[in-house]
Amino acid sequence: MLDLVIRGGSVATEFGVFQADIGVEDGRISRVARLVEEPAEKVINAGGKLVIPGGIDGHVHFAMHYSDGIYTADDFYSGTVAAACGGITTIIDFATPEQGQSFIDAFIARRRQADGEVAVDYGLHLSVVSADARRLAELGELYNEHGVASIKVFTAYRRRGLMLDDGAMLDVLREAARLGILVLAHCENEDIINRNVERFLSEGKTGVEYHGLSRPDYVEAEAIRRLSFFAGLTGARLLVVHLSSGMGLEAVRDARRVGVRVYAETCPHYLMFDDSVYRSRDAALYLMSPPLKSTRDRDALWEGVVDGGITVMGSDHACFTARDKRRSEVFTEIPGGVQGTENIIPILYSEGVAKGRLSIERFVALVSANPARLYGLYPRKGAILPGSDADLTIIDPNMKVRLGRDALHSRLDHSIYEGVEVRGYPTEVVSRGRVIVENREFVGQRGWGQYLARRGNPKTVEGL
Amino acid sequence: MLDLVIRGGSVATEFGVFQADIGVEDGRISRVARLVEEPAEKVINAGGKLVIPGGIDGHVHFAMHYSDGIYTADDFYSGTVAAACGGITTIIDFATPEQGQSFIDAFIARRRQADGEVAVDYGLHLSVVSADARRLAELGELYNEHGVASIKVFTAYRRRGLMLDDGAMLDVLREAARLGILVLAHCENEDIINRNVERFLSEGKTGVEYHGLSRPDYVEAEAIRRLSFFAGLTGARLLVVHLSSGMGLEAVRDARRVGVRVYAETCPHYLMFDDSVYRSRDAALYLMSPPLKSTRDRDALWEGVVDGGITVMGSDHACFTARDKRRSEVFTEIPGGVQGTENIIPILYSEGVAKGRLSIERFVALVSANPARLYGLYPRKGAILPGSDADLTIIDPNMKVRLGRDALHSRLDHSIYEGVEVRGYPTEVVSRGRVIVENREFVGQRGWGQYLARRGNPKTVEGL
Amino acid sequence: MLDLVIRGGSVATEFGVFQADIGVEDGRISRVARLVEEPAEKVINAGGKLVIPGGIDGHVHFAMHYSDGIYTADDFYSGTVAAACGGITTIIDFATPEQGQSFIDAFIARRRQADGEVAVDYGLHLSVVSADARRLAELGELYNEHGVASIKVFTAYRRRGLMLDDGAMLDVLREAARLGILVLAHCENEDIINRNVERFLSEGKTGVEYHGLSRPDYVEAEAIRRLSFFAGLTGARLLVVHLSSGMGLEAVRDARRVGVRVYAETCPHYLMFDDSVYRSRDAALYLMSPPLKSTRDRDALWEGVVDGGITVMGSDHACFTARDKRRSEVFTEIPGGVQGTENIIPILYSEGVAKGRLSIERFVALVSANPARLYGLYPRKGAILPGSDADLTIIDPNMKVRLGRDALHSRLDHSIYEGVEVRGYPTEVVSRGRVIVENREFVGQRGWGQYLARRGNPKTVEGL
Amino acid sequence: MLDLVIRGGSVATEFGVFQADIGVEDGRISRVARLVEEPAEKVINAGGKLVIPGGIDGHVHFAMHYSDGIYTADDFYSGTVAAACGGITTIIDFATPEQGQSFIDAFIARRRQADGEVAVDYGLHLSVVSADARRLAELGELYNEHGVASIKVFTAYRRRGLMLDDGAMLDVLREAARLGILVLAHCENEDIINRNVERFLSEGKTGVEYHGLSRPDYVEAEAIRRLSFFAGLTGARLLVVHLSSGMGLEAVRDARRVGVRVYAETCPHYLMFDDSVYRSRDAALYLMSPPLKSTRDRDALWEGVVDGGITVMGSDHACFTARDKRRSEVFTEIPGGVQGTENIIPILYSEGVAKGRLSIERFVALVSANPARLYGLYPRKGAILPGSDADLTIIDPNMKVRLGRDALHSRLDHSIYEGVEVRGYPTEVVSRGRVIVENREFVGQRGWGQYLARRGNPKTVEGL
């Protein structure tokens, strides 16, 4: 007796699409077959639908403190419910130590926050916010004992205590290379931003549009080039997160051309919108860093999504209520971030696959298989193979949904996607064999998700 | 009741390795599962062994007439038996029209030769030996009616009527691009060879070593650069066959860098031997074109095999008996070619995987998945997925075999591999669900193989 | 007592422009000074004018037999008079052996034709039309005994006996590299042209426009890439003559980027006209090989002229009377070529310098200094230095001239430049200290010119 | 009656070598002639010698305050005497404002220090040590009113108040590009150095060898890549000064390949010595920044000198007495710098030209013509043309000199060149027509030198 059978779907992996039934036992895929005839506790009819390995969003900020008592609108529960409803079955958030705090303490505290809350499986990146020897030594322990196979570094946010200077950065990358763990990098040039910001403020230019103007494309591209150079020196693997510009993408391509292992993530909002939103009435709601760039940049990012210049999708989900977003009219005082974890799959499928720009295989690679590999989860996640976790997302390719506050499950009280219509939507989602979304409604359970210890240095497929 | 179950093996695909049973019905894989418990007509115990999708050798010359009544030692039957015993479940041979003959007639005649003889499934490339409008028009019919999704062109062998000049070449590539079919190319510069040969002969230098000296690496590299330029102009997909030199590989890499769709095949002998064999007593037996190059070239080809510069393995299996090889002592009169179809998998596994140079995934890509994609057979062949043909090769990774005439199944009376010891060997081979090799012995049937109509322009995976 | 003083001009060299007088004794420049006060036999007042080193046209065809008794309209006398009136003080023509003729005999015969006729100094390139060992051995003698420091090769014109196949080509380049002599190359792919021509003729497309259509840009680019590859292999220095296309220029740039010593010449007609002339009534008069290409190609060539992608100007002066040009209406039967030696300096100055596209220094480099270096004449020619030959061209930068049959000195009875107005024109020309053009009129003497023995491997300035 | 004639020498310029006499009137070259027969006040017989345009050392630090009352050993007088004796007829020093000081005031104060002292002509670069709007506005005035056509920026030395952060840097480069002035850059990554230094000091590693180890090649290469990226963005022309590493040179080459106008200077000590000196007893005397690197780096720099990757030579002459150098044994407390202005020409000639590695033309380009162009002095300086300043250096190619404290004219009490033997030495030097060095002895006059107002954006020769 099987626990679950998904019957009659088109199974879509990064390698191809084929008709098959999928049988599940004990939370894992136990068979992939033309026809699974054994009886099962539960059967999902996926006829006419796509079955993909569950999405992995490696870039979320749930239950994050901004400052002065401002928190993100989504905590680990509401955030993972939204993720699940968007077809995401794994999220990876961050443990970000306070100044002076032990990295391990910060990690443990963050696990405590998430365990018992999360509706899907989750992992944690460690934000490396200082680089003294004692802290660096903790990275090995975190990796070996807790499976923290990835860290995050910042070239910006000096005042918020996140930035590493180049000397510290180089040592961190060297240690990451030694351990074989992945380095996620927020790449923007701090000093150029600061100089622009100071000039604007001194000229009384405080509106949201100046947020964008203070961080032009080269701000991103310079930092990517610098970190790529360091990655080349040290042998570290680097993932440039939230890539937002064509010039930044060129930097990534140039580095890869000379053999540096640099990858890029982009977010659905960079593929969907451009900086014209900063001239709208609700501009403040859509402030984020890096800011939205020009239509030409958006087009360049689509090229990267299609041709492999960009390796993974992530959401950078970081939601603040309209009230918090509007607390100040000075762009430097507005908390940055938009929602996204529920939008990755609908946007990329609708704008990419349904519009014929993107193959299904590459779609699956971007939202599931590549993140699984990069983050050290493959083939437990990201694959439809016997033995893999039964994390599965069923997409109805013909379903039309109008996105916005009503359709989405985040606690956020507004949405940059308000009114956007997509075609193709996740209808059922399975997490470790359990159906957690049915007919687009969440039917899972708070705390169902488990912490994922991960492995570094994935060697499963060339190129990653 | 299943027809066949392969139980307990490590299933190895281009994407990873996992423990699974494979169930077969009606010649196709019907399930891939942790455990297949249904009863089956036949069960193969693959415990401790690797199960890979059956090998595809896209480059064989069986039952080929050389000249003056000299034929290859292997016909379609003996050749495919050798292939099967080497873990190859699909071969692709060539239909090569006589001067003036209709391409379609040549194709039909060649099918007649093969059908009823072949022990494994087979396809045919069409050698395009002339390019007048009437002939070019036949390519469309061959592709649409007969699934001939690939052609072969030659930049050399003018006197044997095989060579196309650059004008004809360009038109052929243009037509291939229009149809979306693949172009295999023998790349050597005819005029440089001829000049070298004439000089050597005029100086009385007739020994086999002068065969090698008349075709240095740049003879290959120039032709590759030229055809790559034409491929770039026309949009044709090009497969450089039997790549033999580091300089040639650089030409392939350079073309790909600027976006031209050029791929390369190399053969096991280029990975195993170097031009020192031309100074041995049996040099004549090992004459082939392109000739073996230096150790440095061999090392460069290994790099390409590992890093993706080379996309597929093929054998260029073309065997002539020692007597035929020694009929003349003048190098220009010796029929060229060595055996190989039975050696691809053992050599690449032993020298590559067993020695730690090559990942299993890339090994499977080179011998099965990539050829399946390039030649238009994927996912019917080259994959272990529900619905794929049950072509499976089981490798015992610990078995040691000393290669040579006794161990191999070709009718050839000698072997360039004589005495070479390999570790890791195919023990069982399944073709469309039928066991055709058991315990390293052929147990299949003459004529079991079927002709494969193929599709062009495969879009299954980016990069091919 | 000096022989000649040129007073008050702006002396323009490849390195800069400065006010200076130039004193001449015994045919050579003896001083360059702010003020030359010594008395002189003759004084030219160059106030308000530019004084440049005399132009060098390394590519002319005077007194050339086409076929069936058709000869070029200009012989060595009329051709060099035209050259002189265009500011050219050195021309280099070709000695082209008959099939089977000794290279040395051909050279001596050609010298006999020119000596006593030429109005300016001249040199000869040797056209290498065969490559058997005996002939190749003559190259050394021609270079060492006769100063033939450059040869010409053809990748086309097989039927006219000019083409070398790739094997012969490689040996010729190897010998040229050994001797340190320059290789001029006509780069067009013979077989592609032939195929196009045959198709057009078979379709009854015989008009002049099909001449252009049979030789598209890639015909040139492919041959350049091939020869550049051979130049890289052998170490030969290569000059691609009459470059006509942007795609060809890209091939030159690519080769230089990887360190191959490849240079390019273009002709004034490729900078002035485009293929729209082939749709005019007089199309036949303007047929040449390679044909004029698109406006985009013309623009690309201008870029090369400005940025150094193109190294020298030459004319490819090859004139046939309107009657000869119109003897047949089938494009393959029309003798190719237009006039040009008298137009290089006026066109490049007017279209380049006067229009602000080109610096004066680069103008001098293109028409005089660079050819002097490449062809082995520097600093005897191409420089305004004490000791250099007093070959000087004085340009009135404000003089406007309407070109055409009346204004030009060729014997040709029509002109592709008819009606073109230029600004800036040579008014006085000095050859070895003797004034040969005064006030735009030829005042020199038949036979004044001397044969120039040249040196190979010029090392005077890096980069050439 | 001429003022001076230099007779019988081989005149060597960047463009070639020729026999000529040079006549001088009123401080300028008035004629260059095979034979100058007019009478002259003074005649120098240069038979058997080379006459080159006087050397230009664009990088000296005379009369520089280090800290705590420590000054360089050479002031403007002794420094320029040393320069003159090394064949240098123009030096360019720096005006470096105090924190808060007006740039113009700093410039004027520095002129006051130099005027009346200098023995040769001189210019001043302005060190841009802050970038607020008021200061940036002064750059235009300094350029337009005072001919300050070049500025200096630092990516390091934050504590000494010299460093600009990336935001300031970008604005400075933008302004420099607008004005058309050159940007000299000290390229080392401040934060990486600091981190290394702190680690060494915390480990008690205070010896001189740790100075070198704290500034490995990538410290230089990263900063070059970053500034080159900014130069590309802004269109500024950048001169990387005191290039010390092969990896840095690669960064320069990469930037130029993509069209950025980046040039490099190296110093004689980087061509002559390597980091083995830091293991010698006198290591402290040879401490400088950037430090000497490995022999491989030295070889790479020679390649750049020969092939054009490096554009100019400069000395970075900054001398401190042995006592000052040894005041502390902690490497961070030792004033950096060695002598050099007197060594540029002897070292480059002897090690380069005399040893056959370097052509004379390129030698002249590196020490005179290229600096003249880059710094906006051409053709007043750097050329031997009528009208140019009569700044001339006569080199006896056969004279052997053993360098060291006795042979050199700096006030420094030791020398890194002690005991080095060179072949080829300046014997006479002429500054604006006046002989200031005769028979290797200084015969000039304190205060003879004049301040040089310079022009930006030189367009005299392509490529600079």
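Going in written order, the chains are labelled A, B, C and D, and every chain counts its residues from 1.
Simple rule for what comes next: a residue touches a chain if its C-beta (ideal position, glycine included) is under 8 Å from a C-beta of that chain, and two chains touch if they have at least 3 such contacts.
What you see is a predicted model, and the numbers here were worked out from it, not measured in a lab.
Colleague: Expressed in steps between touching chains, what is the minimal separation of subunit B and subunit D?
Modeller: The least step count works out to 2.
Colleague: Calculate how many whole Å lie between the centre of subunit C and the centre of subunit D, each centre taken as the average of the chain's C-alpha atoms.
Modeller: 42
Colleague: Centre to centre, by mean C-alpha position, how many angstrom separate subunit B and subunit C?
Modeller: Chain centres of subunit B and subunit C, defined by C-alpha means, are spaced 52 Å apart.
Colleague: Give the residues of subunit A touching no fewer than two other chains, as numbers and ranges.
Modeller: Residues of subunit A touching two or more partner chains: there are none.
Colleague: What topology does the chain touch graph have (line, ring, star, complete, other)?
Modeller: Topology of touching chains reads as a ring, each chain with two neighbours.
Colleague: Considering every pair of chains, which are in touch?
Modeller: A-B, A-D, B-C, C-D
Colleague: In the complex of these two chains, what residues of subunit D are touching subunit C?
Modeller: Counting only subunit D, the residues touching subunit C are 14-16, 18-21, 23, 25, 28-36, 257, 307-308, 359, 361-362, 378-379, 383, 385-388, 459-463.
Colleague: Inside the complex, what are the residues of subunit D that reach subunit A?
Modeller: Residues 165-168, 170-171, 189-196, 218, 221-222, 225-226, 229-230, 233 of subunit D touch subunit A in their complex.
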